[in-house]
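There are structures below to look over.
Each of the next two complexes has subunit A plus one other chain: subunit B in the first, subunit C in the second.
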Partner chain A sequence: MTLKREDVKNIAHLARLNIDEGAVDRYAADLSRILELVDQMNQVNTDDVMPMAHPMDASQRLRADEVSESNQRDKFQAIAPDVEIGLYRVPKVIE
Partner chain B sequence: MKWETVIGLEIHAQLATHSKIFSGASTAFGAEPNTQACAVDLGLPGVLPVLNSEVVNMAIKFGVAVNAHIAHESVFARKNYFYPDLPKGYQISQYELPIVGEGQITITPEEGISKVIGITRAHLEEDAGKSLHDQFTDQTGIDLNRAGTPLLEIVSEPDLRSAKEAVAYARKIHSLVQFLNICDGNMQEGSFRCDANVSVRPQGEEKLGTRAELKNINSFRFLERAINFEIERQIDLIEDGGEVVQETRLYDADKNETRSMRSKEEANDYRYFPDPDLLPVRISADDIQHIRDTLPELPEQKRQRYVEELNLSEYNADLLSGSRDIADYFETALAEAPDLASVLANWILGDLTGALNKSEMAFTESPVSPQQLAGLLKRISDHTISGKIAKDVFEAMWNGEGDADDIIERKGLKQITDTGAIEKMIDEVIANNPDQVEQFRAGKEKVLGFFVGQIMKQSKGKANPGQVNQLLRDKLKS
Partner chain C sequence: MTIKTVKDLQMGLAEGQFSSVEITREYLDKIKQVNPQLNAFIHTTEDQALTQAEDADNLIAKGKSQPLTGIPMAHKDIFCTDGIATTCGSRMLQNFIAPYNATVIEKFNAQHAVMLGKTNMDEFAMGSSNENSYFGAAKNPWDTGCVPGGSSGGSAVAVAANLTPAATGTDTGGSIRQPAAFCGITGLKPTYGRVSRYGMIAYASSLDQGGPMARTAEDCAILLEAMAGFDRRDSTSMQQEVPNYQAELNHELAGLKMGLPKEYFAEGLNPEVARGIDEAITEYQKLGVEVKDISLPNSKIAIPAYYVVAMAECSSNLSRFDGVRFGHRCDNPIDLEDLYKRSRAEGFGDEVKRRIMIGAYTLSAGYYDAFYLKAQKLRRLISQDFTQAFDEVDLIAGPTTPDVAFKIGDKTDDPVSMYLQDIYTISVNLAGLPAISIPAGFVNNKPVGLQLIGNYFSESRLLNAAYQFQQHTDWHQQSAEVQA
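Let's turn to the complex of A and B:
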């Protein structure tokens, strides 16, 4: 599978990455080579292998439904760039 | 052309846990902004999610109740998109292997008509935070208290054929999650939200039409209106030669219309992949059996029990088992007056429902408690008061004047059963109305009603009507 310039731009946009117009071709080539490797791996017959959702063959540990966190808003908000009346402020986002 | 509507619902039920799905922060509603958002909820570097066991139990409860297949192994996935109220840049959800698989539920959109609706799946996910647009003039405020609140997203098959059926289905799920004690069902607070996928196709056509997804619907009434508006919009569009485009549309309750949310369009590539921070969730057959064994009585079982053991009518049994609040009220009252099931049913569905509707109150807010209502009905059944006086006592209880016994005592409403006192009233009425006495003796039976009315009036409703009837006949015939 080969990525086109448009694919690279679309992926960058979805990931909110700002990439240089001049670098698009290079990214397309590099990423395509990774996909070639994936293609190569896809050649292996895995019919008898159960797919894994995680490299570790273990199951999720669960915790009890208990409130264990206290209010630490002041600490968290001390590192936020813009805070007012307890809210984090961001540029206007409205439909 | 005849059109057929096809609807599928996605319901987000907020699970009634104390803490969040992946963190130990509280889920209590109404706290000061951002006081219940911890490092995990904020997506700070280095934190790891740890799954809440109660969330898993609640999902299994739902699955068992709709006869669904419960996955022995389910997997959490990341749904990637950018929005300020989603600090991590992804929502932890389930994609390929949801915890609850195919199931079904029976709805009754109309009295006597029932229909089985398929449930495609139900999966666990975390809620996002809240964006507040009206706090600041040119900025948006973010409150992350809701971020990480556990949700069960219940997806139906496109089996619904009208707004009415969609509402019946949503109500049924709403009632079920409350009976299961897994969601408080509060729609105003956003604990139970519906999105509707609506499309139309020519009658008889197999292929589904292009659908629009309706969002922002926070009541059953709006759900019905939004769908009906959308059906008409799509039919008009097609009949005018246009084409429905697949999109997300926001319902505006004030204008009663749906409108396009353009920004959602390009974001529709979520690039799901298994979340490497979470291992697969394994559930044993024993775990499922244990939950099945400890499930509370469900609406359908209640309905049957009411009919078979309490001898209630199908209709009353259906209404009483239709919502958790009504069923709880009925059963609490029944515990006080176990022999009066049928009378209780009539009062709860009649006078009490009427009074609550008039005041726009829920059963949980009733000024007359179930114990008080049972106390009143006991006094009717032991003939202390008549059914007519009972209505006055009910009104007094409603106005907070105390228990039935207090009110009856204080206002002197006890039925007069003293034969002598009633006979005296009858003699007076007979003496004052010689014409009517003549008519009765000439065979005009209907006049008896006139006499009974007069005596009830004179006794201010306190005479026992049966007794009055008997004594009157004896006296008039003598």
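Let's turn to the complex of A and C:
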């Protein structure tokens, strides 16, 4: 499978990654190589195989809906790039 | 500085031959001297280490010590450490001070172990050579022109070069076992769910598992006993009692059935590595182990299936790095999309970007069945191969890696050639099984690793088999000490 420049730009947008114009061709080549490797999956028929999401087919544990953690907003916001009065600051989203 | 195992240090501390402060100082000095050459540590935590060591000495004096009280160790910089930088080998987290401890760290702290520092790793654990670290590659102490393996390369180097008696690692596709093999140490990847993943920065959540790296199987048993166990904070943690691993080390191996998968000895394996593995297996036969040829027919599609699962999960996991709540943020974003895109482009390295993009592609509308679902089906087949094998044998043995450590820079141009390094290790992660790599000889003065794979929750048997091998060989006692 070969990716075109447009494909790479589209994928980079999906992944919210800025890709320099000059690096697009290199990514197209590298990602195409990886997808070629991935193509080998089709050598094996899996028509009646159940997909495996967990090694021991365990399911998610449930717990009672009770408060178990305390609020540590100040501590967690201390490592944020930009906060003000307990709020995360980002560029204006709504005009 | 003589090489001491965790076991030696436990005995020395108990008998008062030395204090925790003394040995902690020795290791910190050694790190200071040699780390500039090896780059095993991203940062050391000298002040905390000495405080922890003093506390430990007080407890020992009062007769209140636990098995790891006062024992120095290093942690892969993927484990969150409260109030201490946790970089995950990335520019994205270069200035990230974790606001809480990983459960693994809590468990070591509860025993008053001493943390020497945080070890180097491939960025976000994505890599097989440590060359993807934002902080530069760690160097293999057996040949500093060679890679130490990855992603837990710094931990493997630190143990091999005697900068720490033990270290933690994580293994998503071989990241404990492959560097253990390349650096000539012992590394155990436990059963999925055996060790809590809470506070271990996520790469591929259905595959990631933390484990011990040390010189001997006995030390790994001591460490695993401290690390393992159920954790309510990890939704995939398993409710299984933790055995006394050390008590199981002395069982005789006579009558044990060991399977040799023909796919692990096929084309692509360096014949000299194969010879080393054959000799190790002969050693096991002398101990009364019965050897049997087996087949794991779906091994050939393990690499593509693994990379699809891992990349899909990583694209989802790493979406949390948005430049808003923590981590790197670009300067002067013009709008929110620009903030996301530039922060992530600046914060992540090339390999991380490649994996995120492949993951985003395989999970995008219309492609899920062809990629992720297909890979999960193959995962079932790979897992069934092991189930069938374990009907016939108790353990599976083979090489950990197709070759010994390669030169720095040799495989950086082609990501796929790097992925092929994981050929013997990744099936284990897809199936969720435990496996250990132990030193089994040298090729061109570089260590060879023997991999033993066990059934679910058979860490005791793996450690027992590794320990017995080490009672009859001295590969694990060879030293790669680098002089300053």
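A few points about this structure:
The rule we apply is simple: the second predicted complex is superposed on the first by the 91 of 95 C-alpha atoms of A that agree within 3 Å, B and C clash if a C-alpha of one lies under 4 Å from a C-alpha of the other, contacts with A are read in each partner's own complex, and residues count from 1 in each chain.
Following the convention adopted for this analysis, contacts are C-beta pairs under 8 Å (C-beta built on N, C-alpha and C of every residue); 3 or more make two chains touch, one makes a residue touch a chain.
Everything quoted here is computed from the prediction, not taken from an experiment.
In the superposition on chain A, A:G86 contacts subunit B only, with no contact to subunit C. Applying the stated contact rule after C-alpha superposition, one finds that A:A53 touches each of subunit B and subunit C.
Partner contacting the larger number of subunit A residues, of subunit B and subunit C: C. By the touch criterion defined above, A:L31 lies against subunit C but remains apart from subunit B after alignment on the C-alpha atoms of chain A. Residue contacts after overlaying the shared chain place A:E66 against subunit B, while subunit C stays out of touching range. Touching of subunit A by both subunit B and subunit C, each in its own complex, is seen for residues 14, 16, 53-54, 56, 58, 60-61, 63, 72, 76, 82, 88, 90-93. Those residues of subunit A that touch subunit C in the complex are listed here as 8, 11-12, 14-19, 27, 30-31, 33-44, 46, 49-56, 58, 60-61, 63, 72, 75-76, 78-82, 88, 90-93.
The touching residues of subunit A, counted against subunit B in their complex, run 10, 14, 16, 53-54, 56, 58-69, 71-73, 76-77, 82, 84-95.
By the touch criterion stated above, subunit C contacts subunit A in their complex at residues 96-97, 99, 191-193, 206, 232, 235-236, 238, 298, 300-301, 303-305, 307-308, 315, 319, 322-329, 333-342, 344-345, 348, 353-354, 356-362, 364, 371, 373-381, 383, 414-416, 419, 430-433, 456. Residues 17-19, 23-26, 32-39, 42, 44, 50-56, 73, 75, 80, 82-84, 97, 131-133, 135-136, 138-144, 250, 261, 263, 267, 269, 271, 274, 276, 278-282 of subunit B are the ones touching subunit A in the complex.
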